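Some structures to go through are shown next.
Presented sequentially are two complexes of subunit A, the first with subunit B as partner and the second with subunit C.
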Partner chain A sequence: MFACADPQSLEKFDWLVCYLTSGKHVLFYQSFGVVLLLLAITAPVSLAFGFLGASAARSQITPLRWFGKGYTAIVRGVPDIAFFMFFVIALDQFFEYLRHKVKCPDWDLPIRQGSDFIVCAQAKLPLSTAPQWQHETYGFSLAVLTFAIVFGAFAANVLFGAMRSVPHAQLETAEAYGFSRRQTFWRIVVPQMWIYALPGLSNLWMILIKATPLLFLLGVEDIVYWARELGAAKQARFSDYPHGDWRLYYFAALLAFYLLLTRISEIVFARITRRLSHGQATAAGEKQRKAAA
Partner chain B sequence: MSCLQTIADYGLRSLGFGERLLPSSDFTLCQQFTLIGSGMIWNIYFGVVALALGFFLSTALALGKASDHLIARKASEWFIFLFRGSPLFIQFFFAYFAFLALKSSHPAFDPLTSAWLGAAIVLFLNTSAYAGEIFHGALQSVPKGDIEAAEAYGITGWKRFRRITFPTMLRLAWPAYTNEAIFLFHATTLVFFSGFPAWQQRGDALYYANYFADKTFNPFVPYPILAFYFILLTLTVITIFGLINRRLTRHLPQEARPRMRLRPMLVR
Partner chain C sequence: MRKLILSTAALALMSGAALAQETVRLGTEGAYPPYNYLDDNGEVAGYERELGDAICAQAELTCEWVTNDWDSIIPNLVSGNYDVIIAGMSITDERDEVIDFTEAYFPADPSAFISTSDAFDGTGEADAVLADKAFLEPIVAESGGELVFAGEDVILGDGIGIGVRESDGELKDKLNAAIAALKADGTVNTLIEKWFEGMEGPY
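Moving on to the complex of A and B:
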């Protein structure tokens, strides 16, 4: 291994190797992990939100049904980016407000004073004395929650449609056998709805992948942040590795990363579809049955 | 200051007319409504330009993807995969820096780095890819009976495409295409957050909504206003596309007309 102590003296290839393994680049590579972590957390959480939303939209209790329908409808007319920007501030203020109410009950000043949002010092989230990693984690969690709310609404739409696609005759059969509504839901609808939901869910997953760069707008130091930071022109005075404006190449790399991610997802989803179609009363399932016979 | 005065001052602020300085304190509801509405001009501009031009390219892409010619097919497939497989946000950034590089090589490329042209080009290419995929799907499901009937009447080649295939394709694709149009308008809000500078604070609706939310630290006023405008825009798009749909299907019996089912898909 060669030393990266004095980059100016290095040859082209060695220089590049040293450049790409500098401390900031390691942070850049870690931020790819942040994106994958976001995907790994958001996907199940928003699926759960979506399931709750879709179940609420089918509920027999009227206010709950309205809530579910309203939730599934919010993403129809308004750009999702607006929701992202809105929820990040709104959730932050909501949490601080709750803590404020609990921790400082005898605070008598209004919370909104003109253009300021003022809560007592103990209610700040995270506390102003908290270490840096807590601030970052809090920011990331807010982003995850925001993603989950918005994508939960999308997923609720998909799952609501899927629940209605389960052949009605099966529900009637269940009723004929004396299943209760709850039993029918858990034993007939839920196990069978996935194959109908899959096209929508795979679409949703693609959308989720393509929404991850919006983390940048939510103030997380993600790949877009680092690509802008590292790609910008560096002068010899401030950097060991002076270079011109390389942001074009950094974003080309991000483009390639996302294309790879979507391509892999496409292949995986094609496999899952084949597996889930097994034994289903759909065209694909019928085809498999005939091929096996 | 009366509300009419505010509208006169800020109504066309996003295009650079009227008052130069944005309000910086004591924001009234009227100011927020006016400025965010003024920003909508950009959203509508981007959406309309991209849709109008993208319609032709997407038809070409659909035909290319369905063609027997190997190069045409591969080129269309790659184009569609490139723009559908990556986030629009990254595409904006990439295009902006590519345009910057072009600009430094020749001053003739200067306008590309400003949003009105550069972002419009990216949106145009992006929507062409999405709509191209939709049209390709529709092209594949044109009933073969229609084509056979055309051939039996001796209608072939360009005439068959223009009279038979193309109208049927449009009719089949229209509900999905409407959806695409709606989400294209939603995607226009990304422009000023992705590299393209809002020169002299001439931004779109989300740019101004974000400005107010930052200044007042109160997201509960500007974002609902933005939502209001976008719901209005969405309803307008649905109405216009619904009218076109009615014209496309005017020869069909009432119950055979495809219903316009709108599904929230496609965020890019």
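Moving on to the complex of A and C:
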């Protein structure tokens, strides 16, 4: 390899290689991993939240039902941006407040002083002495939790609808065979609801992919943040690689990334749909049955 | 869902018990050269980076740099995600109601309008931009005559200071003492002359 110490003296190709491997670009490449990791964790957690929310919403226990319905109604109704701007700070303060109560029972100063939120140093999350990666991991976990709560509410609504779409005659049959409510739910409803939930869930997945730039509001530096930072015009005084406004190229690269990701998702969803349609009392399931016969 | 939140909270409660010496976390934006920006390695750099490190050394504090979006930079200070804001923030009355400022470490910088030399034909989306002159100067200088300063400079605020929580009097005193010492020994001046072309002390 050649040295990147003095980029001004390099030829076009060498300059580009040095430029694209600068420390800042490495951070940019890593942020793709962060986004994919967020998607990989958030999707199953949201689905779990959604499942619990939907089950709660159809529960026979009234407070649980209110909780399930309230969760979906409130979270779906609040604009995402408000949720991501304020809820995360509130969540962080809530955790710190709990820790404060446990760790500093003798603390006599008020926790709220004007607009300040003051907990004892031991209750800070993470501790202010903690290395930066712990702060970043904590921030990332808060982001996952927030995304999961928001998308969980939408998923709950989709699953709630899907649970009701399972043909009613089947539930009556189950009852006639002496299934309990719980057995009907787990053996009839849950295995069959996915085919009805899939269109809604695939929509949610696409929206989740597109919502990842909200990460920056949560203090996690994502691909859009880095693309904007790297693409912005650089003056020779502040960078070894001065250049004009290159945001268009960086955003074009993001466009390609997002399109690739959504295309792969579409293919995967098409496969899952085909598999789940098998033996179902839906148009697609009926078609499969006739084709086989 | 409740269970999940509670177990996360329990996990959070258990992690990290030891109380070591205090670290001061410095929040900045990282997108406002020459005050603060990210260098080619993605590290915070600029006038405030060097000044902040000097202040920390002077006050014998362990410091850690953090970047945060400008729009949520004050909410994250008051809720304790970092301890100071050092981000080219002018001391204004509106901000002073929510947070406290140290003494200024940079004079009330004139803000200036820039616009394209032929802007007033009204075809562009914006005809002029108003921002700190020191931020605009390199942009105008490297625009090859496409951008020019327009109109008179405007003085906004009472200089640039370090933002601290109102309840953090002790830290504010420490920082003020350090800033005063660095002003007295000429460090602030040297840094201003290094980072801001055409600006001269004494400050």
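Quick note on the criterion: the second predicted complex is superposed on the first by the 287 of 293 C-alpha atoms of A that agree within 3 Å, B and C clash if a C-alpha of one lies under 4 Å from a C-alpha of the other, contacts with A are read in each partner's own complex, and residues count from 1 in each chain.
Simple rule for what comes next: a contact is a pair of C-beta atoms (placed from the backbone, for glycine too) under 8 Å apart; a residue touches a chain by one contact, two chains touch by 3 or more.
This structure is a prediction, so every number in the text was calculated from the model and none was measured.
Colleague: Which of the two partners, first being subunit B and second being subunit C, lies in contact with A:288: first, second, both, or neither?
Modeller: Once the two structures are laid over each other on A, A:288 reaches no partner at all.
Colleague: Which partner chains sit in contact with A:113 here, subunit B, subunit C, both or neither? Use first/second/both/neither.
Modeller: Only subunit C is touched by A:113; subunit B is not.
Colleague: Based on the superposed arrangement, let me know which partner A:165 touches: subunit B (first), subunit C (second), both, or neither?
Modeller: A:165 sits against neither subunit B nor subunit C.
Colleague: Does the superposition put A:132 against subunit B (first), subunit C (second), both, or neither?
Modeller: In the superposed model, A:132 contacts subunit C only, not subunit B.
Colleague: In this superposition, which partner touches a larger number of subunit A residues, subunit B or subunit C?
Modeller: C
Colleague: Who does A:124 touch here: subunit B (first), subunit C (second), both, or neither?
Modeller: Touch partner of A:124: subunit C, not subunit B.
Colleague: Could you tell me if A:145 is touching subunit B, subunit C, both of them or neither one (first, second, both, neither)?
Modeller: Only subunit C is touched by A:145; subunit B is not.
Colleague: Considering only the touch criterion stated at the top, classify A:240 as touching first (subunit B), second (subunit C), both, or neither.
Modeller: It touches subunit C, and subunit B stays clear.
Colleague: Touch check for A:59: first (subunit B), second (subunit C), both, or neither?
Modeller: In the superposition, A:59 touches no partner, neither subunit B nor subunit C.
Colleague: May I ask you to decide whether A:22 touches subunit B, subunit C, both, or neither, giving the answer as first, second, both or neither?
Modeller: The second partner, subunit C, only.
Colleague: With the touch criterion stated at the top, can you tell me which subunit A residues are shared between the subunit B interface and the subunit C interface?
Modeller: Comparing the two interfaces on subunit A, one with subunit B and one with subunit C, the shared residues are 85, 89, 93, 115-117, 216-217.
Colleague: Of all residues in subunit C, which touch subunit A in the complex?
Modeller: For subunit C paired with subunit A, touching residues are 1, 4-5, 8-9, 12-13, 15-25, 30-31, 33-34, 37-43, 45-46, 62, 64, 66-69, 72, 75-76, 78-81, 83, 98-99, 138-139, 141-142, 165-168.
Colleague: For the complex, which residues does subunit A have touching subunit C?
Modeller: 22-24, 26-27, 45, 48-49, 52-53, 71, 85, 89, 92-96, 98-99, 102, 113-119, 121-122, 124-130, 132, 135, 141, 145, 149, 152, 216-217, 219, 221, 229, 232-233, 235-242
Colleague: Per the contact definition, I'd like the list of subunit A residues that touch subunit B in the complex.
Modeller: Those residues of subunit A that touch subunit B are 75-82, 85-86, 89-90, 93, 112, 115-117, 154, 157, 203, 207, 209-214, 216-217, 224, 227-228, 231, 245, 247-248, 251-252, 254-255, 258-259, 262-263.
Colleague: Taking the complex as given, what residues does subunit B use to touch subunit A?
Modeller: The touching residues are 25, 27, 81-82, 85-91, 93-94, 97-98, 100-101, 186-187, 189-190, 193, 206, 209-210, 213, 215-220, 223, 226-227, 230-231, 234-235, 262-268.
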